């Protein structure tokens, strides 16, 4: 029984500098993995490796035991990546924004997605009028609308008010209950006491000045 | 909502003006066309084609007049932030495009017999073409923002900048030697046109102005309604 | 597949329709650039007839080029592109869909107004049919070539100008054959070869450009 | 003795909808004011009002008792506004980025600014290579480099690691000790126990559904 | 004040030099567009001589227009503009500084290469001096007008194309007088009036455009 996502001594190089090396991890079904580490330690980079956006400079990434390098598609189709940026079109309404991604992933439930973050009231508003937190909620709504096994969240809690933070937490709990896997990079703890944490800073190359 | 306080007064005024302006403009244009086409004499050299003038010249005047009023109300909206001024300027633009187009079209129709070509790139014609583009630019800019307020402000600035073009159009015929003929009616001294031609001309001009007024009232009205609807929607959408 | 592509097309169409007079603006740029030339060069009728087809074609290519940022730039900047690549939809399909949308929004309108400009340039009557035909063949090619340029320059600063730099040289053959076709038609000569070349370019561009664009997009999101 | 910044029943309209109304506040010298409230309640909008970027639709904003509408410049010259966005040029190095703002405000100490957030090591790196948190730190470095009386911080702690968060806190404490005023909008508390908090949500127009 | 402005200018210069031969790209666009015409229209020498000045001027104006996004767009998107407006520096000074930088990066190079293109268009010798002179007067105007357009379209959808729509009509007078000056020089006629008009436009543009641009920038950052 393989874990949904695991990596063996992954190496990451950004630009021409080594960010981390020999990083191993494994996220079982129904588990949450917290990525911590100081700024610039490579959390975002690691998440991008996991999402298959960047290829690792070394080591292997496995999706249910299969090397992602061999079948990238199978692994991609089952992943949600929530990044620093929000891919929101300000000309489209909130609903249209979400609906597009649903279509692209071949189905899902828009309304329940909006509902999960209390966006139904704003559904018909052009996304340009959204505040920072409302935008973030629209991004996160993808998680609820489209189902994928592995969630990769890069500082998901940014700009969220307490209520939305609560709904995010519930969403994650529910996802894990369904046997999904969640990997979240964050500085403020999301309050998952039982979650495994991985400090990316440990894998920084030796003798590097702390940025 | 608070923005709509005095537009309401405008609405009341508009309701009073509308029937008069609408009917009167129809009457004037009708009478003017009749005089122009059947009563007024053909020109001794231009023959019947001179009748084009009765559409061409008034529409040309309107093209300039509408832009002027647009520029003025833009200035008002920028200085005193008067919401109504925005609406008026915005509502004027399409009318102006219409008249400018008519002026261009009739002009080139007239140019074929008179100058032997549809179009010459002389100062007058070119500056009017620029006016046409300015109108289009104004409309495009006004609609280019999700936030209507911003659109109004930006296009107001554009309208003011474009106002530079007005004197150029007006005096191009005097500054450069153009094919196009200089002002003969709108001269400071007495008009150099026979009254049998002058009357239909003025009637048409008057009718066109009333037509402009009518459209203005109608469009501003619908703009206000649209703003109201938008507010209600947003209020329903909530925070 | 088709279904998903149609959704991408629809989204792009809706985006640009929402965005006010989007297609119209490109059109206006076309009209204005073309009208600039008589202004610049001085409008002797016979000179205009000589210049007409060339100016119209140059104007069309320039305005296509200007509208290229609509293709990928925005999606790249706000991260949509990255997420699209992550989606199960194959990149090639996505590229085809987006190029098609771009052509509907740019090429088609250009084709529709070009006869009017031909009038302005007082082009002889026998030229019109071929002008439209040549643009029907040429504008899709220009969209495809533009897609490659747009994708290659993603992430490069000054994208806008750089694109034109990459794309314009590739437009030159289009220009030459397009113009020569129209000129031939006006001169009453056979237009077959020129149109044949244009169609050949279209056939070649579709697979080549799709492949190149997809590759470039993947790199851009590394 | 007037407070550095105070406002009397301020009204804010975004687009053409009322965001908040009748909001009053006052920040004394050496004080910290925390803006809280749910997403879309108008924290950012309020900060933009305070910064003089937007004019209030109603009410008056006072800088040391003088209506900011009367002399906008005096008040602007003494303000730091740290927004959601980071005005960072990726083509310039970290130092050049900061130096430009220092020049624009007519003087300041670049090095101490960089030092305050441990950016000296990265000073010569092109800003495009910075991670999310490093970018944020570069933005905050302005606070230390250029001195202004009133700091307006919009979710300053976003993407900061614990170390940087600590230095931010120290910076704020030091600023208050020098008699400066700080207004910060945040969802995660920055740990200023003695700070006054103002919940912007309270001033939402009546009878509005919560988003 | 001057000191601060110089810093804004320096920063813009440095930015665009860092960004890979920025000015060079605009330049190449200029060269390519101009060379497109002989290709499109067909290179009869006498035709070229007639077209020469017009094509060069059109090319110059188009490439200025393309480079407008460099003026404010980037600063607007990343928020720099807002912070600049917050800084104690008056907006007008900032606008002047940025327009000046833009001219150095765009207008100047265009002026420098235009003689070469004139050779390419085999323009008679007596035209060169006036060509350069007219562009020396004209390009700053085009930068100023462009600044207005660029500032007005900040945050607008389809900014890029919209700018051209707003700016090109205002460029038409520039084009007419610029070309007529060169034509006059080639024809051995007096060039005074045309150049006078160009200078008049420059004098008028500086205050007017500075005001309009500043107003537009303030609006954009509301």
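In this document, chain identifiers A, B, C, D and E correspond to the written order of the chains, with residue numbering beginning at 1 in each.
Everything below uses one rule, namely that a contact is a pair of C-beta atoms (placed from the backbone, for glycine too) under 8 Å apart; a residue touches a chain by one contact, two chains touch by 3 or more.
Bear in mind the structure is a predicted one, so any value in this text is a computation, not a measurement.
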item	value
Topological distance between chain A and chain D, in contact steps	1
B-C or B-E - the one linked by more C-beta pairs in contact	B-E
Most distant chain from chain A, judged by the mean position of its C-alpha atoms	B
Chain B and chain D, separation of their C-alpha mean positions in angstrom	48
Chain A and chain C, separation of their C-alpha mean positions in angstrom	38
Overlap residues in chain D, where contacts from two or more other chains coincide	15, 38, 40, 91, 209-211
Numbers and ranges of chain B residues touching at least 2 other chains	126, 129, 133, 136, 140, 144, 146-147, 234, 237-238
Contacts with 2+ other chains: residues of chain C	18-20, 25, 28, 32, 39, 42, 157
Chain B contact footprint on chain A (complex, rising order)	90-91, 121-122, 124-126, 128-129
Complex interface listing, chain B residues touching chain C	117-121, 126, 129, 133, 136, 139-140, 143-144
Sites on chain E touched by chain B in the complex	148, 152-153, 155-158, 162, 165-166, 168-170, 172-173, 176, 204, 208-209, 212, 215-216, 219-220, 222
Contact set on chain E toward chain C in their complex	16, 19-20, 22, 25-26, 28-29, 32-33, 36-37, 39-42, 47, 50-51, 53-55, 57-58, 61-62, 66-67, 69-70, 157-158, 160-162, 164-165, 168-169, 171-172, 175-176, 179, 183
Complex contact set, residues of chain C against chain B	19-21, 24-25, 28, 32, 35, 38-39, 42-43, 45, 120, 122
